[in-house]
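All chains are identified by letter, namely A, B, C and D, in their written order; residue positions are counted from 1 within each chain.
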Amino acid sequence: MLIVMNHNATQSDVDAITRIVAEMGFRAEPIPGSERTAIGVLGNHGYVDDSKILELPGVQRVIHVSKPYKLVSRDFHPDDTIVDVAGIKVGQGCRPVVVGGPCAVESKDQIIKTALFVKKCGADMLRGGAFKPRTGPHTFQGLREEGLKLLAIAGKESGLPIVTEIMSPDNVGLVAEYADLLQVGARNMQNFDLLRELGRIRKPVLLKRGMCATVEEFLAAAEYILAEGNSQVILCERGIRTFETATRNTLDLSIVPLIKEMSHLPIMVDPSHATGKRSLVSPMAKAALVAGADGVLIEVHPEPEKALSDGPQSLTFPGFEQMMNEIGQLTMFLQSR
Amino acid sequence: MLIVMNHNATQSDVDAITRIVAEMGFRAEPIPGSERTAIGVLGNHGYVDDSKILELPGVQRVIHVSKPYKLVSRDFHPDDTIVDVAGIKVGQGCRPVVVGGPCAVESKDQIIKTALFVKKCGADMLRGGAFKPRTGPHTFQGLREEGLKLLAIAGKESGLPIVTEIMSPDNVGLVAEYADLLQVGARNMQNFDLLRELGRIRKPVLLKRGMCATVEEFLAAAEYILAEGNSQVILCERGIRTFETATRNTLDLSIVPLIKEMSHLPIMVDPSHATGKRSLVSPMAKAALVAGADGVLIEVHPEPEKALSDGPQSLTFPGFEQMMNEIGQLTMFLQSR
Amino acid sequence: MLIVMNHNATQSDVDAITRIVAEMGFRAEPIPGSERTAIGVLGNHGYVDDSKILELPGVQRVIHVSKPYKLVSRDFHPDDTIVDVAGIKVGQGCRPVVVGGPCAVESKDQIIKTALFVKKCGADMLRGGAFKPRTGPHTFQGLREEGLKLLAIAGKESGLPIVTEIMSPDNVGLVAEYADLLQVGARNMQNFDLLRELGRIRKPVLLKRGMCATVEEFLAAAEYILAEGNSQVILCERGIRTFETATRNTLDLSIVPLIKEMSHLPIMVDPSHATGKRSLVSPMAKAALVAGADGVLIEVHPEPEKALSDGPQSLTFPGFEQMMNEIGQLTMFLQSR
Amino acid sequence: MLIVMNHNATQSDVDAITRIVAEMGFRAEPIPGSERTAIGVLGNHGYVDDSKILELPGVQRVIHVSKPYKLVSRDFHPDDTIVDVAGIKVGQGCRPVVVGGPCAVESKDQIIKTALFVKKCGADMLRGGAFKPRTGPHTFQGLREEGLKLLAIAGKESGLPIVTEIMSPDNVGLVAEYADLLQVGARNMQNFDLLRELGRIRKPVLLKRGMCATVEEFLAAAEYILAEGNSQVILCERGIRTFETATRNTLDLSIVPLIKEMSHLPIMVDPSHATGKRSLVSPMAKAALVAGADGVLIEVHPEPEKALSDGPQSLTFPGFEQMMNEIGQLTMFLQSR
């Protein structure tokens, strides 16, 4: 930690800080500069709350060298984590995976039909929402437990592992019974009670980045899960909220290689929610894989024009098939190098 | 709803849409323009999911005239809602209220001392966090139920109603036992299970705007609570996340008069979390009241430099006293006109 | 400057940096921490380009203690600057000023009528655009030199100083002939050739904050003008671009008291462009003054519904008169304390 | 254009609007809905200023169907524009180009060395800044005309066309003498005098997206150049400003396929400025090409650690060579399909 003093701070201000830092159990090392003095704080293990310091006379600001996470950090855990989702390996060095399926489970027919189709096209897992977070209360909120059961049937028929969203700590037990990979949606990235609960189970978790979460907050949210003992976490970039409204969100693809540097956890990309526009899904899915993503989540629906949610961003069956062909060739190219 | 066609859409595209809209139970009215045709959709009660339409050939985009909320809207409920918090009235035409207290309840001594002091200075309610959402898992998370008990004692000793945060649907019953006003924090604005649960109790709710929530999403979140039967909701602007980092968040004060136009619900402002900087709290609190806010939430701590969270934005006792004097004069001036 | 090393940087990495910093003419002071080492750089006057350092093995990041501005900083110039606009004083301790007028000068009749009216209501200066920056090329771009002449006539008839926008370094001479205060619009905040040119004249400049400029960039832009010798600069907050579209921009009022701490320059607020909505202008103008602004810019038009630009945010004459009455009372209240 | 009425607007409000729209020369078509009436406006060619309408009693809002641009729109110009830069073709269907070079021209040796190296690696054009926009006035501002001369020499020696930034309308003639492609930087995207001047020359222009420009504003800025008669415009995505600070900007790659739908102009990507971090440049350059970009701009410097600006984002020579090999293979793969 570094304490930056005001231009006109006095020697006695600096002395006072040195003394107080010592009382906190750390060591203070003043670094006089031409314009102002800075004070290095040594001996702190992990993050120090800076409130005490910021109060003191002469202090301009405090700069933290440590981060609010450690377990997820590559600095402290250099080897890549490979997450195992019912036998499918996800992570650095593995073949990138494709998770396909509708935004929401709507009917037995819809989900089974989709499961068999995405399996045929080469998808690795089946996604589908049973509990749906929606902006307003007057729209379709998901089939809930009934949806989970339909997902399980579709998973069994197709042989695909199941990915579905969990919205509340109460439902962790229920969802974990059916799902192979439990997804935390963007709106719940900082639902800390939920994260802690997911840290206590032994199933992998797919943690989506919050709409306005920084990379640091994203990793700190994952830290909640790891801190409780579950290290099977896959991160997922799904677009952030910016001033631009031409796309539903702004897909922040640069964080894929960045997070690979900062963390050992796998990272996937959801171009469907990020762009909100069917025609952009395939180009951005391929761009994600080239940028280093360990997989992509793709919305696909037998009849997108009749979908109960997010129809405009869902691929049609022919669109999904074509994208899978292109991804197949791209993956072969990427792995041949 | 309005369907805007592509420049080069054909008459048969337009006819197809007319037919499909009719099948959905609505009436379609084509509006030919010089450059393109638009199609008005009539007869819809409330929001129509546009996915079906966006799929059709020739469609460029769909414009919704209806909103995802109705109960919170002034359009459908012209009279101001006045919320009653244990006898204190909050809303248009009432004297603006001040809610004071520490970010977190830390000890019996701290919370009682603060309660008595803010009461003496003229505050109307006491705030204090027992359940604390924190970015990383390695920092102080609140005293939880013990904190609620201390709050209750402090409330009793000072005679002030109690405001505290609720983070999980599980805890609604517990928190409602102690609190007079249940606060939903910014991170939980779209925790829909929590909102629904709060809609079923008969205590007032203080709903903070999410860090990246639009005004429309903010009102739609309140709609979840009203839709379950609880109309005692106070909105609270607490700053949004933008590119600017010189303040902790960007206080979006313009939405105060805007929301007064759009909704009948009261709105308060939290300048402490918005600015994150003690010296900005008092000017922004006063600005909020002049802009029409029905009250302000102010963090105050007997020893901010020792606070376990958010020390830098907490007022000291003398700072709080001075702000209360200034607010008192300002309120008298505003009400004298 | 502080150099933060990687967790696993070696002693020889640290030694290499110490040597190279010395070659740059500075002194390096290693600060060993429990998790990593940091290196303080001493003896630098002003900002050091950190590219050289970031290249070196073992370096994680570099933290700058110095800022890209100095002349505008209160740290180095504690006394408030008072700007004199043709006899009207603007700055800390002066009575806040109101600049009123239409977005654009449209006709002799329009601008004279407006000038006389705002003067009658107590405004201190007249604003009006002769050169108009517009998003697309197919809309009204201003009367240009003809507009300046009409402004001058209106200024003379009303006795009000003239404020108008300057868009290009070429036109500084021309505009300075007519204007008493030269306004740099948000889009040109980083038009550095223009800023430099304005630094060489001896007329005051009103510098509007760029739509996505940080406070630091805002002050650094003002530094360009001061660096050329013109210290008569008034800053102006006019709203920033954020995800929120319910208002035209997001008025960032908190930076008013913040900039008062950071800089000695006066700061005004433009609630018309910030909100883009007539009904929000008066509440936000009053909020700005309570937050400490040295003045406000208000758009007013004799017939807003016929305005060639920005009609929806322009006050009508009765609306302006009412706001001026309220501002007058508020100013008296604020100065009586 | 569509006029949406308030819930409680009266028939006479609707009649008044119909009459006024007719006076404006258009035709109004009321569309009664269950909750409110909307009024379609027909017969307008291009954008209609809505101020007049928004004033009228009963009006809630106005929705524009037309856009502030037309010449750049694919709707009105379906065929792809291919821009010719001194013989190098840029656009849909052409081999994607790589523009390489340092952020700033610093010396004859530096720029010639770089030119020869990037040429050897297969780059198509040479970039280098002679006029440099910098946040503060106290940093290196470029070699100006001397820099242009050195660029010209380097271009001649390497046989590469020259790309360089133009900051002011005054300098268009000068820069056009030396440059084969004139670059408008992000800060100048809405410097309309500059855009108009560039519309009058007969050299191609590379228009970078402003830091907070929407896609619509970006296209409208290009419209300024086309409106003056120069249709040789290449767009360039270089990252937008968001709340995320882990990268220098947020690379908004999704707009590449989106702009391909909306416009016939070529679009390139600058991953160096977007990410600000050397290690992210190559992955994002490749992702850009897969997303459909017509080329990439890459910063490369013989000794990035000694660069006078933007060293941390500049590739080293070996880094550039490796990226070019990877891009070569990727391009072959993409074109083989």
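Rule of thumb we're sticking to: contacts are C-beta pairs under 8 Å (C-beta built on N, C-alpha and C of every residue); 3 or more make two chains touch, one makes a residue touch a chain.
None of these values were measured; they are calculated from a predicted model.
Peer 1: Using the stated contact rule, I'd like to know whether C-D or A-C comes out ahead in C-beta pair count.
Peer 2: Comparing C-D with A-C, the pair joined by more C-beta contacts is C-D.
Peer 1: Considering only mean CA positions as chain centres, point out the chain farthest from chain B.
Peer 2: The chain farthest from chain B, judged by C-alpha centres, is D.
Peer 1: CA centre of chain A versus CA centre of chain C: separation in Å?
Peer 2: 38
Peer 1: Distance between chain B and chain C based on Cα centroids, please, to the nearest Å.
Peer 2: 30
Peer 1: Roughly how many whole angstrom separate the Cα centroids of chain C and chain D?
Peer 2: 26
Peer 1: Can you list the chain A residues in contact with two or more other chains?
Peer 2: 212, 216, 241-243, 245
Peer 1: Spell out the part of chain C that touches chain A in their complex, as residue ranges.
Peer 2: For chain C paired with chain A, touching residues are 2, 4, 6-8, 29, 31-36, 38, 40, 42-46, 63, 65-66, 75-76, 212, 241-243, 245.
Peer 1: For the complex, which residues does chain C have touching chain D?
Peer 2: Chain C reaches chain D through residues 46-47, 49-56, 68-70, 133-139, 141, 167-170, 187-188, 190-193, 196, 211-212, 216-217, 220-221, 223-224, 227, 241, 304-312.
Peer 1: Across the complex, what residues on chain B touch chain C?
Peer 2: 212, 214-216, 240, 242-247, 250-258, 261, 271, 274-275, 277, 279-280, 283-284, 286-288, 290-292, 326, 329-330, 333, 337
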